[in-house]
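The first chain written gets the first letter, and so on, giving A, B, C, D and E; residue counts start at 1 in each chain.
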């Protein structure tokens, strides 16, 4: 458990964080640029000293303004992965990896090297690495210090799209295997979906919202992003047995209610997270026949909200989860949709990609 | 007209460009990282000297290896916007803007300042600007030299998503008003769609493909990106009169064949470009009734290609243009789709955003 | 054994020859340290490992005697010298007592001389010029050097037309000509006292050698006047 | 507070050092720029020559200056004839000696600053239509300002302390060439004048510390101006 | 090729300069680090004190050294009594004089290098569990290696040329304290010995150019190693 109760004045910007974070899992820290994410984790790491308050982690006090206690960064047992890899240019990859690694733990090297796929790089110097490779080494270096918490400050932000794709699986692997809590700073929805369990939204130097990803997703704190990238719903589902004939996988929202996904790599019985873009959901009064759409499910309208640009957001109750459909005002008027009515939601199976938890 | 016929050895990488580019409009230069895009425009700008060959622009010879001719960068009358804005830290914004501006043209300052919305920044120093503001100043600075060609090397790449969105309209404005050719380097599809007329795909230091954006879009040269970001079709359409009742805009592909778009800002009679993601197109044997989908158009199947992961790509002829639908193998088998048959393509109006040319 | 001789700069060519001679005859290793008498005096007083000190005037010798607990009797006058005026080119009949002559010779230029505040050659020079009644006219025309050799170099290089140096220096340099010899009574007698500082046998042996026949021959070659050994 | 004598030496030292720095600055900037930005045959040689006055004992430097610039010297004669310039026994000569001795320090500081100027900015200026010369004086030069300032202060300090080359080249003439160090030296060597020497020493120290602090202040102001 | 006399002076100069550089290096690194990375009351003062030997005429520096380290001096007496160390009139003294005079140059070069070390790397090392001390010697120090090298060469060159402080502090004793510059001086002062002086001058120049070139080569090698 990480308890924060800290305030700090940074130039014009007043930071004031009060929150308790779980002692396990991946905790996303999300917020616009300049909201104080980096400052927050720098205070946790001990690289910035708060003006007052306290930081306690797993029973150990890192900082206490009243007692004048301030543990040095190197004694907090925290691994920190920076946005810029910050590899030491005068050490080889292996030297970097082992920099903070206690002698007796050096046999873990091969494990981490394999986990991150950097065996072939060990004797190179950082100058000879691509951005993605550098970042992998930086992650390995932090892991090898046997930290009790991992802080990652937008570890993918400096990479271009292909490199991001290349690195994400490694992060997922680490998130899954990790025994220690990971604070993961990002402002990419994609990364949140794939990695995060708990989410902390930071805004103007304060905690704007905190909770599980699904809880926070639909909260007002996320509105700015929903507007920018398009509204979406997050559904939790369980993977069922793949259909052998056509290779699609049913994801069960409730008994007797499932959606077909074209994602094939999911193991049965797994919990998955489904992000459904509101623009990908069409509605129909009658059940259409002979279409290519694989998901035609009955749902109840719980809310209709008129948006700008002649558009309408329809919220539906689908097996007790919320799913949103963004349609034109014209369609809504023509179909005479009303709250409480039952309609069919149409979703192309191809647009449904489950993310394993 | 810009005629290139140059080769250059850069370390391990051999560059060899042969092409003629139009003397107007926005010419996209597209390619993976390391393919030689920056090197290409550096050679045009005169910042790198080719090993051999020639560069001729609008009748003027910039470089001729045989004649030993090599025009200095400052005499090529070329505006160059770099990925990193490269503002001069010791000049104010105004000083930066006027740096390369001939005395007699300084009255253009207010025009450019207004175009880029940087009037309130004039007396600041670059250190006090955000990334997006910096880049706008850099663009203004290049414009004010009264160049005869504009080179832009990923002008948005260093910005985060919100800043990108903020800057794109300015670029569009410049592209539209510009009397001079613009070479625009990017590896973002989004930017291509919005800005580019002609496209040059660069791969391994060579021109892999050249033509109008629509021509090149479906060519094999684009395959790597289509795979990464999802296959899509590009349609050319003409804007028709907006429907007053529901505010949607019909985009005409041919007489009697139009698609409804929820984009409202388009002026009638304008040519627009429509990017339709194959995943957003559903197919139906019969014409569905009472659905929220606004676009239900008859089209003829011209090709069916089975993809990996139990998916199928169906190409359709829609008023002599190609539109692609990506559906599940399961749906294709159940619907027994065959080449030559007529089906209905279903597209949510909300997913159709026309980009004005 | 090794003997360190701290001696005024103006002595160095002559002493070098004497040392070479001596080393042919004895096993001792003589190390010559030459510099301005003033600088050497200061060093010796601060404990420099000198076995013998030779000053170009009595004043700096006294300074050393005052600052070390050495018996005054260990110091003896050794050599005498003369003060001369040199120029870079041959000229004739320079009247050192005539202000006009000085002005004509110097014009806008300077008279090179060792620093009259501390360097013996400069101290003698100032005395001589004062006695001849031209100091007040020349005081602001003096280019002061660190030692007498540097003043000589200025004339050798043509930087200054005239310099006040020792006769021995004038004769050692092929590039200067002696214009005039200052009257002996215009300044304190130029006496180089030699001081035996250490008790070692080798030091005493070389100290004695300074008055030897071989040494005297060399010294007179260099135009030094030699005072007889007192004890 | 200060005696006439001290004022004289102080004023002279200031004049000599300032002129030395001011006169050598353009050459220093040029040489530093060439060393930082150009590749040419003999660059190592030029670099070594620039460093020579650092390595050579100042007395030797002064002696070489004397050989070159005295009335019969290789350079002294033509300079005297054609420009009426005479360095011998004048404060100009002291300034020349100071400039030569301080030159390597000045060049090193400025060179380092030039090496840190981002060539990308210079490239950008070229694409904006600036000739190499305009790039130099509108971009490179203002950006090395801190380095130039550092070089100037260093050279000024070194000039203030210059002794060996000065006394050898232009001798010790009150009001003309007797700068603070030369006056100090005379006093040190004169028995009983230690306190005068100490006073001069303190003046020299105060002066150079002032120069150091002034340069730090200028640098800070330059930096703040841009935020 | 070289006479005994020249060998002696050369060997002595090398010994004195090397020892001066080697002995002052640890202090130089420490002072440079403090000046570059720490903020404290009196920092400007420390900086000024470090620069003093640059500003003071070497002769005065030598004189002050003599006052402090002579047999009766404030430091000379206890050093002699307790450690049997005697600087006055010995080659150790020459090394001390050279070290003091070259110190500001060494510190400046190293300080600048420390200022250029990215504090982000040092922070990263802290988060990897390194104590400030470990950070210093595993990260900061190796990264300022080029600056240290530059500082060493500069100090070495300055030591090779050191004259005023040496002759004042330890006199000009052949085989003991007569380094190349002092030997050169003696010859210059001897009428007719110009050619000997010139030979020594050339030896000094060759020596220091060799040092400069060697440092450039070392730097280049260090840089290439990492690619």
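Methods note: a contact is a pair of C-beta atoms (placed from the backbone, for glycine too) under 8 Å apart; a residue touches a chain by one contact, two chains touch by 3 or more.
Just so we're on the same page, UniProt names per chain: A, B = Molybdenum ABC transporter ATP-binding protein ModC; D, E = Molybdenum transport system permease.
Predicted, not measured: the structure shown is a model, and the values here were computed from it.
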item	value
Neighbouring chains common to chain C and chain D, by label	E
Contacts common to chain A and chain E (chain labels)	none
Furthest chain, CA centroid comparison against chain E	B
Between chain D and chain A, distance of the C-alpha-averaged centres to the nearest whole Å	61
Chain D and chain E: spacing of chain centres that average the CA atoms, whole Å	21
Chain A and chain B: spacing of chain centres that average the CA atoms, whole Å	31
Interchain centroid distance [CA atoms averaged], chain A/chain C, Å	91
Multi-chain contact sites of chain C, meaning residues that touch two or more partners	39, 42, 150, 153
Multi-partner residues of chain B (each touching 2 or more other chains)	none
Where chain D touches two or more other chains at once, by residue number	63, 185
Chain-chain contacts as defined at top	A-B, A-E, B-D, C-D, C-E, D-E
Contact set on chain E toward chain A in their complex	120-121, 123-132, 138-139, 142-143, 145, 225-227
Chain B partner contacts - residues on chain A that touch it in the complex	32-33, 160-162, 165, 187, 228, 243, 245-248, 260, 262, 264, 279-280, 282-286, 288-294, 309-311, 325-333, 335, 346, 348-351
Residues of chain B defined as touching chain D within the complex	45-47, 72-74, 77-80, 82, 84, 86, 88-90, 99-100, 125-128, 141-142, 145
Residue ranges of chain C touching chain E (in the complex, touch as defined)	4, 6, 9, 12-13, 31-35, 39-40, 42-43, 46-49, 147, 149-150, 152-153, 156, 169, 172-175
Touch list for chain C against partner chain D, complex	36, 38-39, 42, 63, 109-110, 112, 115, 117-119, 140, 142-146, 150, 153-154, 157-160
